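In the two complexes below, chain A is the common chain; its partner is chain B in one and chain C in the other.
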Partner chain A sequence: MNIADFLVNALLFPGGLFAVLLGLFLTGLDRKIYARLQRRVGPPIYQPCIDVVKLSQKEMVIPKTANYTAFRLAPLLGFAGMLAATAIIPVAGIYSGLYQSGDLLVVLYLLSAPALALVIGASASGSPYSSIGLSREISIMLAYEVPLLLVFFTIAMRVGMALGGTAIFSLSSIVNFQLSHGSLLFDVTLLPAFVAFLICIPGTLGVVPFDIPEAETEITEGPLLEYSGMGLAMFKLTGGLKMLVLAALTVALFFPVGFGDFWLVNLVWFIFKCILVMFFTTTLIRAMQARMRIDQAYKFYLLVPTALALVSLVLTATSFRVG
Partner chain B sequence: MAEFLQSIVKRSPWIYRINAGSCNGCDVEMATTALIPRYDVERLGCRYCGSPKHADIVLISGPVTAVVREKVLRVYDEIPNPKVVVAVGICPISGGVFRESYSIASQLDAYIPVDVNVPGCPPRPQAIIDGIAMAIEIWRKKF
Partner chain C sequence: MPMSSYNIPIGPVHVVLEEPIYFKLQVEGETVVGLDINAGHVHRGIEFLTMQRNFYQNLTLTERVCSLCSNNHPFTYCMALEKLAGIEIPVRAEYLRTIADEIKRIASHLFNIGIIPHIIGFDSLFMHAMEVRESMQDLKESVFGNRMNLSVNTIGGVRYNITDEQSKYIVKTLENLKKPLAEITKICRTDASIRRRTEGIGVLPKDKAIAYGVVGPVARASGLPYDVRVVNPYAAYDKLTVYPAVEQNGDVFSRLLVRLQEAAESIRIIEQCLHDMPEGPTDLGYMPDIPAGEAIAKSEAPRGELIYYARTNGTPIPERIKWRVPTYPNWAALNVMMPGYKIADISVIIGSIDPCISCTER
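Presenting the complex of A and B:
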């Protein structure tokens, strides 16, 4: 891959500018649908863009007790991590990903970058509410990483065994396998893993049933409490990108198949699938559920999605030994 | 350019409430104006935020009692510029029924520059929304 291609892929499409705009669009659509579900008019779809512009024009207050460098750099860490993830995840029919092997593991590590950024920023801000928020963020992260890892491993094993080898941790191979053999979503043994992955999405995003680290009514937005102006704008951008990354990852792992070779059709189909994933995992659940306590969420993640992912793992392993 | 920026920015005012010793009547009215679907101020881009560091428009209710005064001033200082203050209810404007009480030194605008007064005990939701709309017009000119 030459350097010009790399720059275009990382900065314009599908990473970089395109990803940031699509992430903000998804967030805005989420807020709009959420309002319509409550029979409100709701904000316009481009509201997150307005919020980001406004925040970038506001003063950035840095607390006297804060560690200046860590406080300023933490938002960039999360943003950079998510931007890298958007450049790695392949989009079927348009973009084949940045690396050819091992990128599934890289994505798993990058997925924890926003949470780590929150933890670093919160601990650097020196606020007691932030430290409560960061301890909750770490607990919920420990809980949802287990099923997430199991789901990744199950899919890698399924694809690898079907190709007659060991587990393949390559997103582009997984996508190519599905393009020639049909989507993994229609494989019964992987259905529990699919459900487990969908359950992990709201926890990773930190939306309502699992927004315990940022509970604005009890610990006043937790880790984000001390952030204002540009720092907060970066965290808002990171949130939008995170939603896009998780939706794109779901599409790439379970149903990447598009229509034909024309890139525009594939792009629209991809965006539609992302919106579908977002609607069922974020908006609908946010509108129906109330916030859990941290111990309930921790137990929930270690029981339900982990059990589902394990079922899938065992089914996949045994089905290939018999057949 | 500044005109263009102002026209964008005025569609995203984030609201923060400070209770300066209020009886909770005005707080209930404020919560209902923004939080119930009927008056849906989110369509204007408004949002209640939990942290003063995120706020643009500050709604202050209550007569600013002696005990709470220092805390109100401290929270006010934490709000990043540009910001606008709305005094909600008669208490922060003149003291209301608590006027000349032993625990109240002076009204709110003796300590903080107040941009909009919304009198009433408590004010109607429409009056509070009108006050917020006026505050947005003052606030956008500060960019």
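Presenting the complex of A and C:
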């Protein structure tokens, strides 16, 4: 890989500009569908773009009690982490990813970047609401990372064993395997893992019923409370990117197969699949549920998705031993 | 190791509060241990103002004490003065007062029924309840000419009349309200995500409810069948049958259920009123003078018992008007409801007593 390719992939497509715009589009679409589900008109789909432009022009107020450097840099950390993740995840038929091995683990680390950014920003801001949000963010992160890791490991093992070796933590290998052997979504043994992964998405994104760290009516946006201007815009961008990263990851792990070789068809198909994932894991769920309490969410994540992921892990391991 | 104890301010401006009030909560870890209420942010001196204006100007003033229970203030004020002057109002006026009161009650309860899901993050139900409530706003606008302040009451009767056409319209609107209301009731009763956030939260036991003297839906959710419309009927309630909704658990969920049942009960009461209402005058036909004396009157506002005290000296200006609003005993009971629950439950417990700060601080 040469430097020019790297720069294009990281800054223009599929990372960088394209990812930011697609992330904002997904956020806008989510808000629009959510509004229509509630029989509201809803904001235009480009509303998140307007919000980001507006916020970036505003002054960033930094509280006296805040730690200046950490408070300023925290939003960047989350944004950078997500931007890096978009450049790593391959898009079938268009883009084969930055690395050839171990990038699944890198994505797992990068996925916690926005949560860590919130934690750092919240602890630097010195507001009591933020510190409540911070402790909740850490609790829920600990809870959803367990099933997430199990799902990743199950898939790595499934692909690795099918190819006659040990677990493969390479996203491009996993995608290529599915391109030649069919999507993992249609593998019955991986169905529980798929469900577990979908359940983890709203928790990672922090939307109802798992918007506990930001719970607007309880702790008034928690960690984001003291943020304004560019800092808040960064967090909004990070949110959009995170939605895209999770949707793209779902697509890459479970149903990357596209149509033929023409890039435009594959791109549209990819975006459509991202919208589908977003609709079923975010929009629909948050229109149908009330927020959980942190103890309820913690228990839920350590019981339901973890159990589902374990079922898949055991099924995958045993099916290959017998076969 | 003892858990760290710290204070969380809720208010004076907070997302969950529609009006300014300041709760200072002592918290240990995630658990609330104490509560300090700091009120007085919306004190406007309305009681003093009523002593500067004459009896008829005060009708307009008392209607503007608060918004959601705005009808009950002039209503009870009129009843106190009528009692003082010994005025018997026409029977039709009694029915018309009752109808206006129950329409306001449905609108007020549906507002709280929407707010509770909103607080626990269930915005779809909030939007749905508000959409359903909108039919009541339309009803108020088309029958009374206003969406909020009805300007119904006057001393000696009411200032509106219901034609046959309007009566049919009201019946039809209420009929259309029944189905969505039953649907919302079913969702609230059965939805797991609502129940896990409201059941067993903010419990006010019956003995504490009696000790704190709570009124309205808060009292009835704790198993006290106290409803002024039943125990001390006024207006047309002595001619109607009212079944108070009573729940036994005293938690947020019970208070939500009580409001849902009362909204359904109000629909039935209005239909009964429209059916039974006799023809006749709606007011005395003149503006009566108020002699010297003192009187007290009470009514069941959407939030509970509202008491008006009036003392006059024969001049057109009252010597003293004083009222006690339902939120006053109810918010004191937050001292029982809060401790032992989590930070996440604070908002929904506050919302469940449906506090009306403007009434209380006037």
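By our rule, the second predicted complex is superposed on the first by the 323 of 323 C-alpha atoms of A that agree within 3 Å, B and C clash if a C-alpha of one lies under 4 Å from a C-alpha of the other, contacts with A are read in each partner's own complex, and residues count from 1 in each chain.
As a convention for this text, contacts are C-beta pairs under 8 Å (C-beta built on N, C-alpha and C of every residue); 3 or more make two chains touch, one makes a residue touch a chain.
Computed from a prediction, not measured in an experiment: that's the story for all the values here.
Touch check for A:314: first (chain B), second (chain C), both, or neither?
neither
Go through the superposed model and pick first if A:41 touches only chain B, second if only chain C, both, or neither.
In the superposition, A:41 touches chain B alone.
Quick one: classify A:228 as touching chain B (first), chain C (second), both or neither.
Touch partner of A:228: chain B, not chain C.
With both complexes overlaid on chain A, does A:217 touch chain B (first), chain C (second), both or neither?
both
Contacts for A:288 in the overlay, against chain B (first) and chain C (second): which applies, first, second, both or neither?
second
So, A:8: does it touch chain B (first), chain C (second), both, or neither?
Touch status of A:8: no partner.
So, does A:303 touch the first partner chain B, the second partner chain C, both, or neither?
neither
Of the partners chain B and chain C, which touch A:132 in the superposed model: first, second, both, neither?
In the superposition, A:132 touches chain C alone.
Check chain A for residues that touch chain B in one structure and chain C in the other, and list them.
On chain A, the overlap between the chain B and chain C contacts is residues 38-40, 216-217, 220.
Which of the residues in chain A come into contact with chain B in the complex?
Result: residues 31, 35, 38-44, 47, 50-51, 53-54, 57-61, 216-217, 220-221, 224-229, 232 of chain A touch chain B.
Where on chain A is chain C touching in the complex?
Those in contact with chain C are residues 37-40, 128-129, 132, 208-209, 211-212, 215-220, 287-296.
Over in the complex, which chain C residues touch chain A? Could you list them?
Against chain A, the touching part of chain C is residues 6-9, 14-16, 30, 117-124, 127-128, 131, 191, 193-194, 196-197, 342-347.
Within the complex, which stretch of chain B touches chain A?
Of all residues in chain B, those touching chain A are 5, 8-9, 11-12, 37, 40, 42-43, 45, 49-51, 53-54, 56, 78, 80-82, 143.
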